[in-house]
Amino acid sequence: MAELTHLDSEGEAHMVDVGDKPVTRREASAASDVIMDVSTLALLRAGNAAKGDVFAVARIAGIQAAKRTAELIPLCHPLPLDRIDVEVTACDELPGVRIVARCAVAGRTGVEMEALTAAAVAALTVYDMLKAVDRDMTIAATRLLTKRGGRSGDYRRENAPA
Amino acid sequence: MAELTHLDSEGEAHMVDVGDKPVTRREASAASDVIMDVSTLALLRAGNAAKGDVFAVARIAGIQAAKRTAELIPLCHPLPLDRIDVEVTACDELPGVRIVARCAVAGRTGVEMEALTAAAVAALTVYDMLKAVDRDMTIAATRLLTKRGGRSGDYRRENAPA
Amino acid sequence: MAELTHLDSEGEAHMVDVGDKPVTRREASAASDVIMDVSTLALLRAGNAAKGDVFAVARIAGIQAAKRTAELIPLCHPLPLDRIDVEVTACDELPGVRIVARCAVAGRTGVEMEALTAAAVAALTVYDMLKAVDRDMTIAATRLLTKRGGRSGDYRRENAPA
Amino acid sequence: MAELTHLDSEGEAHMVDVGDKPVTRREASAASDVIMDVSTLALLRAGNAAKGDVFAVARIAGIQAAKRTAELIPLCHPLPLDRIDVEVTACDELPGVRIVARCAVAGRTGVEMEALTAAAVAALTVYDMLKAVDRDMTIAATRLLTKRGGRSGDYRRENAPA
Amino acid sequence: MAELTHLDSEGEAHMVDVGDKPVTRREASAASDVIMDVSTLALLRAGNAAKGDVFAVARIAGIQAAKRTAELIPLCHPLPLDRIDVEVTACDELPGVRIVARCAVAGRTGVEMEALTAAAVAALTVYDMLKAVDRDMTIAATRLLTKRGGRSGDYRRENAPA
Amino acid sequence: MAELTHLDSEGEAHMVDVGDKPVTRREASAASDVIMDVSTLALLRAGNAAKGDVFAVARIAGIQAAKRTAELIPLCHPLPLDRIDVEVTACDELPGVRIVARCAVAGRTGVEMEALTAAAVAALTVYDMLKAVDRDMTIAATRLLTKRGGRSGDYRRENAPA
């Protein structure tokens, strides 16, 4: 099990010691899509035209969730994030809402989980605000887009936006 | 915007008043799938044979997340849940890991978001514990399976397991 | 010290036993004002014309804070709130931003602190978002407006809006 | 909207990237006053003579709230504070209770919100412990007193104590 | 494993469904002792004579911890506690500090873990405030004293105070 | 009271300013024992043979608690921990379960409280999962084992394992 860094030689979970890693700039971006009926998307757009609170609430929920990643994901390190940015966009081609989250830190470990958590919670928030009209929505493809910094090298998902 | 219950007549977000709804038993189940490379799944199975901590950590993370739903999803009501159950299963047909979460409460509002949050956070936890070997994993199809109780009627997703 | 219900006969703090009080509907409203320079208010209005995110962020922060009242105020009882509503309005007569929060619960104790906490944290959030242009802002007059339900009787602050 | 740093060019809220700012010592102090009836203050002083728990509870609540600032104020950065100090003093000239909070960190961004949050929550706690005898109390003038460190320069409120 | 109610038939952890249990008054008390050098106890008493803040801080920490039991203990149900009371007393016979915590709720499950968590965290807080002078202190005998209400019957530890 | 660093010259609690201390590697380990009836231990071992979830849940609870130490212990500094490791072992000689927790950080203050909190909460979790069969269990001897780094020097409890 040597490859699964969160498990020790006996297969027991622990929070990996990162004390010997250098503090460097780490960045990550992740996305999540809420797929919905075209009529739900139309309703959302109509609401957005007036006030935009669905989008604003989802953005804030995502930002706040990124800060709580270490409380939610048991083996994540607590990290004093330098940046959190969550974009929430209506997309006809889904049809639905696409969320893209970006996080950065100067730290000893990466922020992939922070970006993924922000995207996933923003998506859950969109679901919550629209579920009265459409319970069939699906949160599809919560995924890492990019990762920069750290010993394990950079990462870019195939077909991720530049 | 009358149909979007979380927005008032001016499109502003608020936490809906449920004070006039009766307290009744409410149940919901939700699922989420972590799609991964077959070699990652094989590695996970090998680890599980010994100790199973990936599955146990994901289950606990999901249970704990369900309790924090109202902190994560801004317009959710705080609810003293009566039941939280999270199943984490390796599935060759995905290939990957399927999570099914079930919640119940005696309350004035449903627990769909609690079940969805439990499933999503358990899935993020699986991603976290395997990401050192496979960053291309995708959390696919976080979705509501069933819902029982409450004024809006019961719900069963098409093709959801009975 | 009999009149200070949070202190026992030796003056020590405790969380009052409310187990013998009936569960009834309790409501409260509270307000807080962020007093600012007229030029700051003008800048805020200009921004609001476009997107309104300052107002939306403050509303969400207030709603989320109401749910965490028992974590913040040591002797408050945890309460499963039925309703949280936070209004954030630009006011020329202050000049500044007025916040009004309303909470309700079916419980054994009142929700004054929940309404006050929502108003105070929404006000702090407005301060945070504008402090880069005006550090002299003051959060004035965080106060209870009304209270309904419970043994201690109803309350309406003199001159509170109906 | 360039001057409102928490909003991007489209007016959407985000947590500002501070990754390019140097880590330096940052300090801030803030105050808040709970204005009350002279008879309430007399009752508080009588209690304080015996045990002081109102003051102690408010101090602890303020200290704990400072640590949670980033959870409460959506666009605040999480910061590992080096110092939190909360003073709670009975003041005949108000009449009421004055709270002064001081925070410090070695970080990339200031701690004004941490000091303001500590002062505001300590004030709410005083209100909570005395509300059974005086619901007309007002939390007046939650305000920044001083700020040191960081690119935006030092700040001292006019008439702030040295 | 039928007797271990937190594990299902496959030995997997879950939060037991209590939805079919009646809502009744449940009470529990628990204790914890911080054993210390007599000179440490003397120092604490000297400090207490002046202000009592060590005792007040420990009391508040215990009260706050009781409210967070379901966040700390993974399979505990969230409960809206009706009462939390934490007594912190210097005891020559230990020598050290004895903590007794009492909790009550109208709920479907007991509050033993809430009382035990309050006692344990109050004890940790005493340790924290005195550790600069005595690192050899031990937190001894965190234990349930009494339990009332609920299907499983009442409990009184042998030799527990009446 | 000079020796009690958490109290100032007037005996009031505050979070000590550590801003002038150097950032260095700090480590600590702590232990806690859950003493139980031999039949309870036998039941636990039987369960563990199959799945081990009691041990896994306790480990995760301890890890998560370590991250929340500053929220639980009022005068603790928030610290971005680099390592958390919790070992849970059945011990015939107790008889019962021994928990050993190890924490590390690069910081300005030590992590003794983090290790102690992890051990105490893991022990409470073991109690919770077994209390249906044995309410007489006692959490004995929550204690610091070792401490390394920092101005106050290293510490090793007499008879602590090397």
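By letter and in written order, the chains are A, B, C, D, E and F; residue numbering begins at 1 in each of them.
The working rule: a residue touches a chain if its C-beta (ideal position, glycine included) is under 8 Å from a C-beta of that chain, and two chains touch if they have at least 3 such contacts.
According to UniProt, the chain labels map to these proteins: A, B, C, D, E, F = Cyclic pyranopterin monophosphate synthase.
None of these values were measured; they are calculated from a predicted model.
*Asks:* In contact with chain C and with chain E at once: which chains are those? Just list them.
*Replies:* Touching chain C and chain E alike, sorted by label: B, D.
*Asks:* Going only between touching chains, how few steps reach chain E from chain D?
*Replies:* Between chain D and chain E, the shortest chain-hopping route counts 1.
*Asks:* Report which interface contains more C-beta contacts, comparing E-F against A-F.
*Replies:* Result of the comparison of E-F and A-F: E-F.
*Asks:* Over half of the residue-numbered contact pairs in common: that is the test. Which of D-E, B-E or E-F passes it against C-E?
*Replies:* Overlap exceeds half of the contact pairs only for B-E.
*Asks:* Is the contact between copies chain B and chain C built from the same residues on both sides or from different ones, judged by whether over half of the numbers are shared?
*Replies:* different
*Asks:* On C-alpha atoms only, rotate chain B onto chain E and read off the angle in steps of 5 degrees.
*Replies:* 120
*Asks:* Distance between chain C and chain D based on Cα centroids, please, to the nearest Å.
*Replies:* Taking the average C-alpha coordinate of chain C and of chain D, the gap between them is 16 Å.
*Asks:* Per the centroid of Cα atoms for each chain, what is the distance between chain B and chain F, given in Å?
*Replies:* Between these chains, centre-to-centre, one finds 31 Å.
*Asks:* Can you pull out the residues of chain F that are in contact with at least two other chains?
*Replies:* Each of 12-13, 51-53, 56-57, 60-61, 64, 68, 71, 74-75, 79-80 in chain F touches at least two other chains.
*Asks:* For this entry, which pairs of chains touch?
*Replies:* A-B, A-C, A-D, A-F, B-C, B-E, B-F, C-D, C-E, D-E, D-F, E-F
*Asks:* Taking the touch rule as given, give the residues of chain A at its contact with chain C in the complex, in rising order.
*Replies:* Interface residues on the chain A side: 51-53, 56-57, 60-61, 64.
*Asks:* Going by the contact rule set out above, which residues of chain A touch chain F in the complex?
*Replies:* Per the touch definition, chain A meets chain F at residues 12-19, 70-71, 74-75, 77-80, 107-108.
*Asks:* Touching residues of chain D toward chain F in the complex: what are they?
*Replies:* My answer: residues 25, 55-56, 59-60, 63-64, 67-68, 79-87, 104-106.
*Asks:* If we count contacts the way the header does, which residues on chain B are in touch with chain A in the complex?
*Replies:* Going by the criterion above, the answer is residues 1, 3-7, 10-13, 32, 43-44, 46-47, 50-54, 56-57, 60-61, 64-65, 68, 71-76, 112-113, 116-117, 120-121, 123-125, 127-133, 135-144, 147, 152, 155, 157.
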